[in-house]
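Chain IDs A, B, C, D and E follow the sequence of writing; residue 1 opens each chain.
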Amino acid sequence: MSGRALVISIIVVAVLAAVPPFLNGYARSLLYITVLYVALAYAWNVISGYAGYLSFGQVTFFGLGAYTTAIAVIRAHLPWWEGALLGGLVSAALAVPLGYLMLRLRGAFFALGMLGMAQTLQVVANSWQLTGGGSGLFLPPGSNALPVYYWTLVIGLLGFATTLFIDRSAFGLRLQALREDEQVASTLGVHVTTTKVWAFVISAIMPGLLGGGYAWYLTYVEPVSAFATRIDLQAVAMTILGGIGTLWGPLIGGVLMSQVSEILAAQYPQAYLMIFGGLVVVLLVLLPRGIAPAISAALERRRARAAQVQR
Amino acid sequence: MHAALFGQLTIDGLLVGGVYALSALGLNVIFGVMRIVNLAHGEFVIGAALLAAVLFERLHASVLVVLPLAFVLAFGLGALIQRAFLRRLPTDLASAEATSLLMTFGLSYFFVGAWLAFFSGNFRSVPYLTGAWTLGPFSIAQARLLAFVASGIVAALLAMLLRYTALGRAIRATSQNLQGALACGVDVERVRTLSFALGTAIAAASGCLLILIFTVNPETGANVTLASFAVIALGGLGNYAGTLVGAAVIGLAISFTGYFATAQVAQAAPYVLFILVLLLRPAGLLGKSGA
Amino acid sequence: MSLLSVRNLNVSYGDFKALHGVSLEVDEGEIVVIVGANGAGKTTTMNSIAGILRARSGEILLSGEHIERKSPREIVERGLVLVPEGRHLFAEMTVQENLLVGGQTARSRRRLHVNVRTMEERFPILGRRRGQAAGTLSGGEQQMLAIARALMSEPRILLMDEPSIGLSPLLTAQIFAMIREVNQTGITVILVEQNVVQSLALATRAYVIAEGRVVLQGLAAEIRGHADVKRAYLGEA
Amino acid sequence: MSTPLLEVENIRRAFGGVHALDGVSLRVNQGEILCIIGPNGAGKTTLFNIISGVMRPSSGDVRFQGQSIVRWPPQRIAEAGIARTYQIARPFARLCVRDNVAVAALARERTLERARRAAQDVLESVGLASLADRPAGSLTLTQRKRLEVARALALRPKLLLLDEVMAGLTPTEIDAMAVFIEQLRERGIAAIGGVEHVMRVVMRISDRIAVLDFGKKIADGTPVEIADDPRVGEAYFGTQIDETGAGPSFPLKGRP
Amino acid sequence: PHLTASAADKPIVIGASISETGAYADSGKLALQGYQLWVKQQNAAGGLLGRQIELKTYDDASDPATAVRLYQRLIDQDHVDLIVGPYSSAVTASVANVAQQHHMPMISPEVASTAPFQRGLTEIFQGIQIAAAYVEGPMEIAKEKGYKSIAVTGEDTLFPRSVVAGVDDLAKKMGMTIVFNQLYPHNASDYSSIVEKMKQANPDIVIAASYLPDSVGLLRAMKQANFAPKLLYEGVGPTELSFGTQNGKDAEGVMGTGNWNAELKTQGNAAFVKTFEAEFGHAPDYHAAANFASLEVLGDAVKRVGSLDSAKLRDQLATLTMPTVMGTYKVDPKTGIQQGYKSLVLQWVNGKQFVVYPKALAQRPPSLPFAPWSTR
């Protein structure tokens, strides 16, 4: 990241941190949802962008985090953020065996296998006494959205930092190597399974932590909305449109899409899904690599031209 | 367990499996030739189902009349989509699989929206042949049997098309060996368009039969896509005979777990089964197991 | 005018440039062999001529007509057909079905079936294996099927990419004899071979490709005697 | 005699009905260069796949420095000191050349920075240093082959498996590669080269030559012994004696 | 909000989210029309507090997070004066919290489960009969007929669970036995297994707490399994008019719980039905009526308070007793749980819905037993 990018990032973060108390509830909620999706997109980008395992089921961990938090708050009377931390832990703990199992699948099989996993967990939540079955769990009302927002912002920043780290660490290099060719990576000494399970765990912890905040924000958890595929697909769409496997892709895609979809949903509720879907299709035809790579290619060209002019 | 009950559950399972088989066949034709998992598949199924329901409500049109109509419409729609969008995706990109998945995901959102605008969010079904025939100790649901038989006929027609016509051979050739097909001068672009159109049309046909059994609204398409995918994952991607076996297995799993466990377990059964089978036999039940 | 002329062909795979300005001329009735090491660009050349790969730039003329922008089907219809490297049979289809796909540009059904019969007479073993899945044939049978499948489209010019690969000496000899036979029926042949000695013995002229460039060309006999070729491909000092 | 560096014992591997390897045994000593020759499909690549752990044999054992490694995962074998190249170069296309090598160097270096520096050194030694920042997908064939070798070397192996590294190179490049392989001996690295043709080079660089045919080892000895072995002549060069009678020519192609 | 001079000329804005799309879309359209009709009538009659009324609605796609944001938008950005609740229990559970934080009293016109009201919230009021009371009717009817064994099923979500929650106690009280009790998940598609199980349990009556899609699915599976209990009750599914169109003759004899019926002799009901049909060209159903009634109550409370003061309005809503098209609105002042409205058991007879319970309101006696499939 260049010096200028760093300065811009710091300013953006400062604004994101300082402004919400002065916003009305709606603007705050909108900001929360945006940051939430950007954070989810960053999480998804690790396993799907860097490791190359397209997942349609990271919401499994989001729901898990939401339920863990609800149970921790209701049964153990823990503060919500402790519950959310626990949610992250539980997600990580589940992600290890699940990763060993599921990461043996590839391509569409892994993607849809994970989708099935989310469905299966939804069924579990639906039929288990502890999770309140189909009735769901009520959290104490009267929660304040601001702490949840900051919680989410911090996790979003962690997501960004993790991506930055992955971009310039040995771990990240190994991850990208196995994305390109697992067998070759293994004969070059990369512990393929361990590395990708780690990536999977990172991609699970974050939704786990975020789900906890979400539960507290909504004050109610039930199976259908906690494991909603549309949460996942939204994060997927954001990342791919922004640029899969890039540092800025989830941010650009996330901000753009959540604003566009909010505007569309408010202005054209009937046509919302059609426009949203159509947009994805058209953008893919125009920018198959996503927005971030398109921007950096354009910057590259400008720099090259500038260099030429100088010479 | 009584033999009669066992038989009844088997019949129920196989009949449901029949409808899934047809939808999955459509998905599999598309995958076989284009190597694309079409996430919008369920939307085509549901679109046709809702069309059949609306035409029944308004005009009392029998689904058997609507079926060919929906087939033709969907065929055109599929050809259009392939020509206008899917064909434009770059194939040399390392992330080509991701892009094609995302594009069909975008299409699926688009069509959910379109069907909502078109048909509203109402749940619909068609009260046609709602009764059952009794055969000894068994009762055989008329609509299910019809759907099963019609699925069988469409599947047989498809098999005949694939086996005995030049187009069918071209489709199979392309899905078995793209390079070989190109070398033989097969018009692969045309085969792709026709396969996508055919897959879509079969989806529509299965939708017209599905509506005899299930109650659906525009947002239930994802379930159909998932179930169909589970079927072909079990039977083997690109393996048409395997699709029928996969569908039977899924149908039986739903029926038996629904009875002996709970409806919740039955709902998860296809996925659990599909994950288990993939872990044990990555190429599917009938696929050749890899090295 | 030569039957096929390839001029200044450039082909890339993504960022990797596989062919750097390859040019070839082939006259009616010739057997031209292209030799070169693994990865030199022989297959790339053949696939580009057959329209399976799109060249970045360059011209390909068949009887004076530009075909570099034509689809593989259009090229097959104009009488140029490729027996691809690695055969690329339709493994789960029967021998007969493979032949039928090969002849799918045929003008009539009758003609198609006559051709199938002709092939079965020419390759009796294929006639006997008519209903067997192509993937279960032995290597030699598979290669015969690949050639027969290509002949089904009644080509004027046949491109063969390493037809002897994976075959025993006996079968290799048979295949080479067959190539000569095919040529004698008036079909022009372009042959890619690593089996340098035998193919040079068969051919009228030869091209040597290295690193995506034509480095040598001439009469087969001349090429056979060239010092570089002896050293690089024949293991002779 | 000290234990050999690598012992391959009675390896069998079948694919469906095809016996790719049918009871092959080999030994390689410290710093020794062994060339395996044999026609296409003789089983060379399969043998490399088994030694490097990406494939399991149907039966048989592989011992490295006395330890059985036949059940080890590839990364453990790599760390133990066996590196390999792939016959068809398989670069990490979207990574730059330096990072391609750094992935392997990470097995020996603790930080990414040091791995990248080590990678740069290796690239110097194979003559790819100037391309370090290019995406590996954009390399030419020869450059890819060199990258394969560079990655293998970056593991600092005791044993190097070179699968057809000569194939596709021009005569001058073949000579350069031969010199390079001979230098390995000086650095104490043993090598097994799988070579399909270019007999002239094989004869020059090998300490020993093993001949594979149809998955069976039909001969094993010094270059001189191999050249004189009547069985080899018959099975391998026999029917292919060049019409000029000038000695071994292009070998036979594979199995029927 | 306080009235300022200029505000007095501006219309009073009532905000709500509607499930126009999503899982509960069926009911959304009619619910909206219920609101629209009341606003139109009220405006024609001079509005509220001398001001015209305006309705501001968004589509929440039946998604809780979206609904929360929309209510915040209504309150914080659109500055609506009054709000009414969304449709489903799940969505309401989250939205209630927003109302609470903004001290905006909110009637939930269609939330029958009591769970969202039992969380100590002070601003929400139930605008419909409680779910647990739904099954009293069919069980009373069954008891009268001497039916003994019950099979219970339903969708495993908040509302249907509240419906069947009381069955155990009631059965004990009435001396009946539960021979089968198992729920099915949301979005289930195939009911043949669960019906087969019920059939094996051989109950006299089947109580299914179901919505429209599952009640249709269950009914069809029962017909196909040739299973006909003596009494079939299917929750709220049969109260939808399309239950009739989707099932044709098979609907005959099925009972369900409605909160309202066109023939009901409640205050203003006949006029409501007539004007609704004139306005929209089709008949209202209970969604329309419930939403209409909620605005009746809200409007009346505003009139009584004489201002839009939310604290006073809250107290008024908590203590008010008021006749509406649905019956008499009256809530428990502590929880806001409905106590006034009564639910009705409806039964499909000759292709129409009739009230068969409670006796006082019944249009005809229940037609029992449910005819075996072979005799239809």
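In this text, a contact is a pair of C-beta atoms (placed from the backbone, for glycine too) under 8 Å apart; a residue touches a chain by one contact, two chains touch by 3 or more.
Please read all numbers here as calculations on a predicted model, not as lab measurements.
S.K.: Looking at the contacts, which chains touch subunit B and subunit D alike?
M.R.: A, C
S.K.: State which chains count as neighbours of subunit A and simultaneously of subunit E.
M.R.: Both subunit A and subunit E are touched by B, going by the contact rule given at the top.
S.K.: Using mean C-alpha positions as chain centres, tell me how far subunit C is from subunit D in Å, no decimals.
M.R.: 31
S.K.: How many angstrom lie between the CA centroids of subunit D and subunit E, rounded to a whole number?
M.R.: So the centre of subunit D lies 76 Å away from the centre of subunit E.
S.K.: Using CA atom averages as chain centres, what separation in Å is found between subunit B and subunit C?
M.R.: The answer is 41 Å.
S.K.: Roughly how far is subunit A from subunit C, centre to centre by C-alpha average, rounded to an integer in Å?
M.R.: 51
S.K.: Which parts of subunit A, given as residue numbers and ranges, touch two or more other chains?
M.R.: Where subunit A meets two or more other chains at a single residue, that happens at 123, 126-127, 180, 270, 272-273.
S.K.: Quick one: which residues in subunit C touch 2 or more of the other chains?
M.R.: 14
S.K.: What parts of subunit B, by residue number, touch at least two of the other chains?
M.R.: 94, 116, 262, 264, 267
S.K.: Tell me, which parts of subunit A touch subunit B in their complex?
M.R.: Touch list, subunit A to subunit B: 48, 54, 101-102, 104-105, 107-109, 111-113, 115-117, 119-120, 123, 126-127, 180, 229, 233, 236-237, 240, 244-245, 270-281, 284-285, 288-289.
S.K.: Which of the residues in subunit B end up touching subunit E in this complex?
M.R.: It is residues 5, 8-9, 12, 16, 57, 116, 120-125, 127, 130-132, 134, 139, 141-144, 213-217, 219-220, 223, 254-259, 262-264, 266-267 of subunit B that touch subunit E.
S.K.: Would you pull the subunit A residues touching subunit E in the complex into a rising list?
M.R.: Residues 24-30, 33, 123, 126-127, 133-136, 138, 140-143, 214, 217-220, 222-225, 228, 230, 262, 265-266, 269-270, 272-273 of subunit A touch subunit E in their complex.
S.K.: Which residues of subunit A touch subunit D once you look at their complex with the stated criterion?
M.R.: 168-170, 173-174, 176-177, 180-181, 183-192
S.K.: Which of the residues in subunit C come into contact with subunit B in the complex?
M.R.: On the subunit C side, the touching residues are 13-14, 50-52, 71-73, 75-77, 81-84, 86-93, 97, 100-102, 104-105, 149-150, 153.
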